[in-house]
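Encoded as structure tokens, here's the structure I'll be asking about.
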Amino acid sequence: MSVIKAEGVTFVYGQGTPFQKTALDDVSFEMREGEFVGLIGHTGSGKSTLVQLLNGLLRPTKGKILIDGNDIWQNPKKIRQVRFKVGLVFQYPEYQLFEETVAKDIAFGPKNMGLPEDEVEKRVQKAARFVGLREELMEASPFELSGGEKRRAAIAGVIAMDPDVLILDEPTAGLDPLGRDALLDQIVSYHKVRRNTVLLVSHTMEDIARIADRIIVMSKGKNVLFDDTRKVFSQGEELEKIGLQVPQITKIMMMLRKNGFPVDSSVLSVEQGFQEIISCLSSD
Amino acid sequence: MVRDITLGQYLPGSSFVHRMDARSKILLLTASVVFIFLCFHFASLLIMTGFTFLVLLGTRISLMKYLKSLRGVLLVIVVTGLFQIFYGSGEPLFEWYFLKVTMNGLVSAAFIVVRISILMMISATLTYTTSPTDLTDALEWLMKPLKLVRVPVNDIAMMMTIALRFIPVLLEETDKIMNAQKARGADMESGNLFKRIKALVPVLIPLFVSAFRRAGDLATAMECRCYDSGAVRTRMKVMRFGWRDLCALLICLTVYAAVLCCGRWLPSVF
Amino acid sequence: MASFIEVHHVYFRYDDEETPGEYVLQDADLVIQKGEFVSIVGHNGCGKSTLAKHFNSIFLPETGDVLVDGLNTKDDDQLFAIRQKVGLVLQNPDNQIVAGIVEEDVAFGCENIGLPSGEIRERVDRALKAVGMYDYRTHSPDKLSGGQKQRIAIAGVIAMEPECIVLDEPTAMLDPQGRMEVLRTITDLNRTLGITIVLITHYMEEAVLSDRVLVMDSGKVIREGTPREIFSQVEFLKKHRLNVPQATELIYRLKGCGWEVPDCVLNEEECVQALLTLLKQTKGKGDQVCQ
């Protein structure tokens, strides 16, 4: 069943001014309940505009965004309700922390929803556990945390609203390799428990390949591809044409295939690639 | 979007006025403003109005732009104009309750309206034709005498440069933070004044934190590039007075002389 | 080659009134040669950025010494000489651009050291051409991409004609396109102008480009070698919160199972070459499979 759906969405910045620019051009797609979707495209392809349209921060110039079948702009006064349903974690979200304690900051979203005190408390605890924030940090000032911890606290602030759709814009930007892997693993395990829809925007193809079920590819304001992860990355040449890369391991397999070796060129991880090579070596 | 605001409204170009030295523009503009206030006769006002339009033409910027610059002060112009109409002295042309309209009132209203309008438009030429950096440099030069009384002119100029550079950056940042808090359900569009001010806290705190972080980074970057606030800096762009500045000066002096002559030999309309 | 920067047993901690804090640098000891391209890798918090700020006297060692071209960074009289020799580019491109017009920002450093205006003009033009941003000289930095802004920051440093440029995670905030632009620019500066480059990063894909890699953890250099020597030690790197490109890891795993592959590959071309050789040689002899 589709949770969120875009129907012919067009968005123009600064309409009627000299800065007028079409950021999105007739984009349609739908995301199903419980799936993990990756969103890729280079800077300026319309990714950031799209995610802000999905949670009602921007209003489409043309077209509709539907959540559970209802147009989110049907009643503009209720647009805040949409933002609780579609949680959006911006790039470098640690820059939005402002409360005295981490716990209070995470509680900001749930409080805005008007939830009772004990429910807020429960959600804060749960969200902190999801992102792996240690108990003793909850009463610390968010400004005293390390970079990685701040990032987690900020993500927890959105998770605490318990959204049906969680959108993360480059959640691992600037983290070191291990921090990156750890945070992504946490997001994956959160998704496994909560079973909601997650949309992950990333420049790192290796990460997307590892965790997404399906991938939306954006280029010049249009969604040029939306398919299973394997199928998207098996079209390496198409992707390169619009200036995107495939994971290195996928590229290696494609090059082997070009040289006449019958390996599966849609592998997405080193582990899969390793197995592929081994089985190719053992067969004749 | 906040970030679409253009600062200083500089409109790049290569007209006569664009290519004048920023220092002469500031000085002559200031003098012209004074002379606009010295107009007490139809003839002198006509001269200054003509002069203003000559300057506007010299910028090769469409007249619409200048008319738009008046929009911001339209209310002021209308209110002062009305005020003048009803506060004139002499025989009333017609009366309505306590309001009297006199010939004198009408004339001075017209005077005021024209004066404010040309004042605004001629001032706009400075910001329209001079880049913020040129303005800063010119102001730094013009403030030089203040060094004698120990005003840190160089530091002030550096602060202005940095402010000009970072205002757009911080505006964009404000936009981002506001969106991030709205995404967490912050309500900034409804409620009474008190509620709205309170709703700004989640925006202002991160903004200040970010501004301090940036300031720290910038200080390091400036140190790395050998900045020393006490030292004498040289400049890549050297300001030079050219033939355009001389021409402008001569034109202005002629106009000012004409205005002074009117004041000397014509009776004031007031 | 002559040594250019020498770091001798440096200890450093941040001043904190209440708690003296832990040492961020503990016995950091290394040498950087003139004209070489070195990368310093390590996870966040290993002390690599703090070390970078020691190279041009932004920070001074608590104990130990840092020598730049023979000058001690603790010597106050040499401060500006040292900062002219070693330029530093920071992570966030927005926070290091001072002026509102590209060329004026590039001129900033030269203006500080009191060069005559004609020479500044020449140097600024040359620096902008070197980073490929000459066409943008009269633009405002606001409208440029992250990669372009970072190249402007680099140009500002080059205009001072330093012998060495230290870049502290210059690509961390950039998209892949911007990252490529910056890397191409610095490799170019090293090759054509012979400028010594110290690249601080946690992207191992970037370290591949350098002549020598220094691995840092807990405030000191724990291993150094050519990229090939360092990348072949996958377990060691993982232990220190780093990883290797997928190509390197794949070959490493095959090697671990006893297949005949090179000790280390650095990129996908080398990896494909190695795999092709292996596949051609051993096709059908797959009994030694290890899963």
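We call the chains A, B and C, going by the order they appear; numbering starts again at 1 in every chain.
Quick note on the criterion: a residue touches a chain if its C-beta (ideal position, glycine included) is under 8 Å from a C-beta of that chain, and two chains touch if they have at least 3 such contacts.
This one's a predicted model, so the numbers in the text were calculated from it and none came from an experiment.
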Between B-C and A-B, more contacting C-beta pairs sit at B-C
Taking each chain's centre as the mean of its CA atoms, the one lying farthest from the centre of subunit A is chain B
Dist(centroid_CA(subunit A), centroid_CA(subunit C)) in Å evaluates to 30
Taking each chain's mean CA coordinate, subunit A and subunit B are separated, in whole Å, by 45
Among all residues of subunit B, those touching at least two other chains are none
Counting only contacts in the complex, subunit A reaches subunit B at residues 13-14, 17, 19, 52, 55, 57, 80, 83-84, 87-90, 93, 95-98, 108-109, 112-113, 143, 157-158, 161
Subunit A contacts subunit C in the complex at 42-43, 146-148, 173-179, 181, 203, 206, 243, 245, 247-249, 251-252, 255-256, 259, 261, 270, 273-275, 277-284
The answer for subunit C against subunit A in the complex is residues 43-45, 145-146, 172-173, 175-178, 202, 204, 241-243, 245-247, 249-250, 253-254, 257, 259, 268, 271-272, 275-276, 278-279, 282-287, 289-291
The subunit C residues in contact with subunit B across the complex are 53, 56, 58, 80, 83-84, 87-88, 90, 92, 94-101, 103-104, 107-117, 120-121, 124, 141-142, 153, 156-157, 160
Residue set of subunit B touching subunit A in the complex reads 1, 4, 173, 176-177, 179-187, 201-202, 205-206, 209-210
